Amino acid sequence: MKRRTITDITRVEGHGGISVDIKDGKILDIKVNVYEGPRLVEQLVVGKSPRDVLNIVPRICGICSLSHRYAALLALEKALGVKVPKATEMARNLMLIGEILQSHVLHLYFLALPDFLGYGSSIDLIDNHEDLIMLSLGLKSFGYRMNQVLSGRMVHGENPVLGGFGLFPERSALLELKEKSQEFIAMVQSTIELFASFEFPVTYDKEITFMCLNPTDGEYAYLGDSVVVSDGTEWGIDDYKEYVKEYVVPYSSAKRAKYKGKPFTVGALARINLLGERLTGEAGRYYKSLYSNNWKANPLFTNLAQAIEVLHCLESVPKLVDRIIKLKEPGIVEAELDSGASVGAVEAPRGTLYHYYEIENGLVRSCDVVTPTAQNLDDIEKSLKIAGEQLISLDSMDKLESTLEMITRAYDPCISCSAHLIRINYTDKDS
Amino acid sequence: MRVLWMEKGKLKEFFYSMKAFGELWGPIQKGKTRIYGKAENFSDLKLEPGRTALPIKKLIHPSKFTMFKYDKQEYSTKLENIPRRVILGVSPCDIHGLLKLDEIFLEEEPDPYYEKRRDNTAIIGISYCKPCCDSCICQSMGTDVVDEGYDLFFSDLEDFYLVWVGSSLGDDLVRLNPAVFHDDIDRTKLEKFVECKKERDKLFACSIDMDVLPDIMELSYDSPIWDELGDKCLECGACTMVCPSCNCYNVIDEVYLSEGKGKRFRYWDCCIFKEYSLVAGDHNFRENRGERLRLWYGHKLNSFGPYGRPACVGCGRCVDACPVDINVLTVARALLESK
Amino acid sequence: MLNKKRIGIYSFTGCSGEQLVILECGKYLLKLYEVVDIVGFPMAQSKNTIMDLDIALLEGSITTESQLAELKEIRDSAKTLVALGTCACYGGIQSMKLGEGDWKKRFQEVYGADDKLYNKMKPMESKPCNEFVTIDYYIPGCPMDKGQFLHTISHIINDTPPHLYPFPVCTECKWKENDCLLNRGELCLGPLTRGGCGAVCPSHNIPCVGCWGPAEVTNMPSEYKLLLEKGYSQIEIFRNFRKFGGTPMVEKLKNMMEKLR
Amino acid sequence: MHEKEENSNPYLPEHARIVRKYNLSSDVRFFQIRYVDMDRALTMKYLPGQFMMFSVPGVGEAPFSISSTPSRPGLLEFCIREVGDVTSALFKLKENAIIGIRGPYGDGFPLDDIQGHDLLIIVGGLGAAPLRSLLLYALDNRDDFGKLYLLHGARTPEDMLFREEFLEMMERDDLNCLLAVDEDPTGKWKCHIARVTDLFDHVKDIDIENTYAAVCGPPVMYKFVLEKLVNIGIPKNQILMTLERRMKCGMGKCGHCVVGDIYTCMEGPVFSYWDVLNMKGLI
C-alpha cells in the first residue's frame, strides 16, 4: 500500500494535511488531519466573567475574530437579558459584513486565485496581473478599515462589548466607509467574471446538503434565529446540538459534525444556494446570470459564491450606514441578570458559527463553540474522495495532489479555528 | 501694552477672520475629555473654565514626530510643512508652560522644530472669572496671570472681553478685523476686571506654600518620603506626559525596507522610566523609583531650567492624571508634614 | 541587494493573527518580497522550506512535541529568530492557566480518557518559544501591530537594532488624551502592559486587558493594591493579570506575592 | 553632499570620513575622522573636554569625547568602547566609511584658569579619551603650563589605552609620565605595578595650592582619587573631572543628562569637585 501525505496544505490558514491511501491504483481512503496543537479555549473561559469571554474567544481565529465575538455577544446578551438598541445591532451587522468581505478577499485573491492562474503565491501574480494584486490589496485594506472603524482595530478589536460599543463608530468614519465601498464595485464585478471563466478539474453530480442561518427580515443577511437546511427542514438555533452532532476522529485534533448522520456544508456556497434568490442589486444580477444546478454539487463553486458575496457586502455598506446614522447614538445596555444560558449564532465568513454559554453568578460554568470548518470537515473528505477517484486514473500524482489541495482550499478551511471545537463535558457538575 | 475691549458677541466673527492666518484651533470636546483640537466651527469651542487633557505643548513640541529623513546622500528636514495655526482659548498656566519650554528650546542653540512651530502658532489666551477646576494650583505658583508668551489675551469679564495685545503678530491679528475691537476702556471696565480677579482669587480650592517649599525640597534629599512614594508609583509616565513643563524626549532611528534610507524621530520620554538614565554597563544613576521621583519633583517644586525656578505652572493635571495619587499637591503636603 | 536574505514565516499554535497582519502590509509586503527571499510562508505560498534561513519569524506558542521539534530545527537553521505576537513571545491566552492543576487531566477532560489521540498528538501545555530556544527579537501584541512589525523587520534586514517602545500602555494613552479608566474605577492593565498598540482599548473607553503582554519594568504590587482598594477581589485581579500574561506573569505574580508576604 | 550652513538645523549631522581606525585594547578602538568638507575640517574649533555626537543612520546617536587636541587641526580623534548599538555599528564600519557627526558640545576644560598652573592628569581606563586631548594640548602649548604630570592606571598593560604613545612620552623631560598596571600577566611591563593612587607618591615639587588636577575614569576610581587629591591639599575647585550621562541631543533639550537642574551636556561634562559636593547625584 502506498501512502501519500500532502503535509501542510499550504495557503490555508492554520495547520492541516491530507493523507491519501492508495492501493493497486485505487484510492482506499482520504483523510484530512488537523495538526494544530490544542488550546482548549472553551475550557479557558470556564470560571471567567462574560467580559473575559469577549477578550478570549475572538482569539480562536484571527481571520474571523469578530464573528466569534459577535456570536459570543449574542449568546451572552440573551443569557443575561440584555437587549441592545437597533443602532447597535446594525453597527454590529456592518462589522460582520466587513469581516466577511475581508476574509473572502483574502481567500479569493491570496489563496485561491494563484491555483486557478497557476502560480505558487499571489505575490507571483505581480508581474502579469498587477491590477488584480492592487485591487486585492485595496479591498483587503478596506475590509480592515471597516474592522478598525467598528471594532477598534484590524484584528481582535475590543470595541464591541456586552450591551453595545465602548465607543460608537463616528459618523464621519461611517460615511467614509460608505463612500469608499463604492470604489471597488466595478473591479469586483470583473473578478466575478474572471472566476466564472475558470474551468473546474473535477465534476460532481451528487447534491450537497447545505445549511445556513435564516435571516428573519427576508433579506440576504448573516444573522437569524433559525437554520434552514437544503432538505427543507428548519429549526431554531437553540436546538443546534440536536442537529449538528459533534464527534471525534482519532487521526485529528479537531472534532467533526454530522447532520442526521451525514456530512453537510456551511459557508458562502450554502448561503448562495439557500438564500441566493434574495440577493438584490448587482450581486442579484450576477446570481441570476451565473447560478446553475452545478452549484448544488460542486464545492469549487464556493469561490464564485464568495465573489458574489463580496459584491453583496460592498453594496450593503451604504444601505446600512444610511440606516445607522439616522438613529440616535446608542449607549451601553447593562446586564440585568447574572445567571442564565443561551446560544448565539452568526454566519461567519466560512459558515454558521454557534456559541453557547451557561453563566452562573456572573461566571461561566460551561461553554461550547461549534465552528464552520468543523462542520465542513466531513464534506471536505467526501468531496476529496470523489475527486480522487476521478483523478487517480490520470496517474499523475502531482495533478492529484494539487487538485486535492485546490478542493480543500475551496472550502476555505480555517483550520486554526477548527481545532478549538472540541466540546467540553466537564461542567463543574461533580466538583 | 496695548489693551482693547470687545463685545462678547463679536468673538465669533473675529475667530473666523483669523482664518486668514491659518488653521483655527481651540479647546473642543473629544469623548469624555477636552482637548486642543481643530475647530471647524466656532460652536465647537469650549470657551469656559476647564482644562484640556494635554497642555498646549502637544502642538509646539508634539508627542512624536520625524526630525529628519536620510538617505545615502543627505539628511533632510521639511520644516516648511509645519502648518500655521491660531489657537484660541489657551489657559494662563498653559502659556506659562510654554514660557518654561521656551527657556529650554529657544535659548542657547534654538531647537528649529520647536521654534518653527512656536512661530507658526498664534497663541490667544483666555481667562475667566472662575478657576478652571478644583485642582488648579496656579494661584500658588503665580501663574494665574500672564503677561508674556501670547499674541492676544482675552479676559472674559462676563459681558465683554478685555483684550491684551502681546506681540506684533497679535497686532496683525487685530488688524484682520479692527472693527470688532475698541480702545476706549473706561473706568467701569477696569473696575470689572479688578473685581472679577478678586472674586476668582477667593475660589481656588488648592494651594501650596511656595515660600518654603523649594527649601524644604532641597533639605529633603535624603527623606524616606521618596522611597515611600517610589513604592507606590506605577511608573506609567502619565504625570510627565500631561505636564506642561516636561520637555524630555527620546530619539530613535527608523530604517526603511529599501537599503540606505530612513528617518530619525523623536517622542516624549519620561524621567520616571528606569531606562531614562541608564548608561553603559547597565549602570543607572537613578536606580530607584524614589530617586527618579525626587528628580521630577525637584524640577517642579524647586529648580528647573537655566534660571533655576520651579517648573510647576500649577495646572493641576498631574493631580487628575496619577492613578495612585502622587502629584504636586500630595508630595508638597507630605514634604511639609514630614519636616 | 546582492545577497538577499532568506526569510521564513512559520506558525505554531495561535490564531494566525500575525500572518494576517503581515499580509495586510500592502505595498510594504510587495517591497518585502522585493528585498528578501521569502522561502517559507505556508499560509501564502505553495513552496516552503525551513533550510538555511537568515531570519525566521515565528508565530504561536508550542503545544505539541512535533512543534517543539520543528522549532528546534528552525533554530538550528536560522541565524535570527523573531517571536511574533503574544503567543510566541509569552504563551498567549492558551498559557493563562499554566501551572494550575494537572494539565494532562485537563486535556483528558476535553478529549476523553482514551489515550489514543494523546499518544498520537503528544500535546503539552502551551509555552512561548523562548522556553525552548533562544529568541533574538520580540514583537508582542495580540495581534502585533503592523507598524511595529515593519519597523522591526526593516531593522533586522538592514542589520541595525530595532527599537520598540519600552514604556507601558498608559504613556501612549496620555498621548491619545483619554480620560484615565483606572481613575474611573475600571480594572485597566495599562500600567502593567507593554506599550505599542497606541492605547487602542482605552481610546475606545475599554480598559486595557493586557494583550501586549507584561512590560518589563512595572510596579505590579502597587497596581495590585490599588485594584484591591477599588474593590476588586484577588481572584478577579489575578485572572486579569494572567489573561495575556503568559509565562512572565507566572514569575511576576510569584515574586509579588513573596514580596507582599 | 550636505554642507553646514549658518543657522541650519543643529540636529542634522555633518558627513565625516573615518580616516583610520585601530584597536587600542580588546574592546576599545581608536577612530581618526575628518569632515568631508575640508573647510569645515580646518576651521572647526573645540576645547579639550568637549564631545561630539556620532550618528550612524538607522542606528542612532551617541556622545564621544574628543581625544585629539585643537592645537593640531584637521583630524579629530576618538577612542570608543564597544558597549551598545551605536558603538557596535561604529566598530563594524570600515576605513573610508562616512558617518555623521555634530558638535562640539559641552564646556571643555577651563584652559584659561588652568594656564600658568601645575597640572596633574589622572587617567583610569577609558578616561584617556578626554584627558589625552588635554594632555596633548598642554604639551603643544607647553610654556603656558607649570609642571605637568600624567598618572595613568590600567588593569593590565593590554588594557592601557595609548600605551605606546604614553611609553614614548616617558622620554620627554617636560612631562612626568607615570604609568601603572594592577597586574602584569606578560611579565614585560617596565613601569609601575600599582594602583593609580599609589602613583601620587611619585608626584613631587608641585605647588599644591596652585595645582589643577583633571580626573577621568570608571566610577570606582573617583572615590579613591578624589580623597587622595583632597588629602594632599589641592583645592576642591581645582579638581576637575569629566562625567558621563545618557544623552540624546547634546544641547540641553532632551533632558536625559540632567542632574538636579544641571544639564551635564551644557554645564559639563567637565565639573569641579566643588560642583560635585554641591550637586547631589553628580557622581
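Remarks
First chain written, first letter: the chains are A, B, C and D, and each begins at residue 1.
Definition applied: a residue touches a chain if its C-beta (ideal position, glycine included) is under 8 Å from a C-beta of that chain, and two chains touch if they have at least 3 such contacts.
All values derive from a computational prediction rather than experimental measurement.
Chain pairs A-C and C-D differ in how many C-beta pairs they share in contact, with the greater number at A-C. Taking the mean of the C-alpha atoms as each chain's centre, subunit A and subunit C sit 25 Å apart. Taking each chain's centre as the mean of its C-alpha atoms, subunit C lies 44 Å from subunit D.
Mean C-alpha positions place subunit B and subunit D at a centre distance of 39 Å. Note on chain placement: the centre of subunit A and the centre of subunit D lie 67 Å apart, centres being C-alpha means.
Residue positions 155, 158, 160, 205 of subunit C are each in touch with at least two other chains.
Residues of subunit D in contact with two or more other chains: 58-59.
Residues of subunit B found to touch two or more other chains are 31, 252-255.
Of all possible chain pairings, those that touch are A-C, B-C, B-D, C-D. Residue ranges on subunit C touching subunit B, taken from their complex, read 1, 28, 31-32, 35, 150-151, 153-155, 157-158, 160, 163, 166-168, 170-171, 173-175, 177-180, 182-183, 190-191, 205, 217-219, 221-223, 226. Residues of subunit C that touch subunit D in their complex: 155, 158, 160-161. Chain contact summary for the complex, subunit B toward subunit D: residues 67-68, 70, 73-75, 77, 79, 104-105, 108-109, 111-112, 221, 247-255, 260, 262, 264, 269, 271, 276-281, 283, 285-286, 291, 295, 298-299, 302-305, 308. Residue ranges on subunit D touching subunit B, taken from their complex, read 1-2, 9-13, 57-61, 81, 83-84, 100, 219, 244-246, 248-249, 251-256, 258-261, 266, 280-281.
Chain contact summary for the complex, subunit C toward subunit A: residues 11-21, 23-24, 26-27, 29-30, 33, 38, 41-48, 60-64, 66-67, 92-94, 96-97, 106-107, 109-112, 116-117, 120-121, 123, 126, 142-143, 146, 197, 200-201, 203-206, 209, 211, 236, 239-240, 243.
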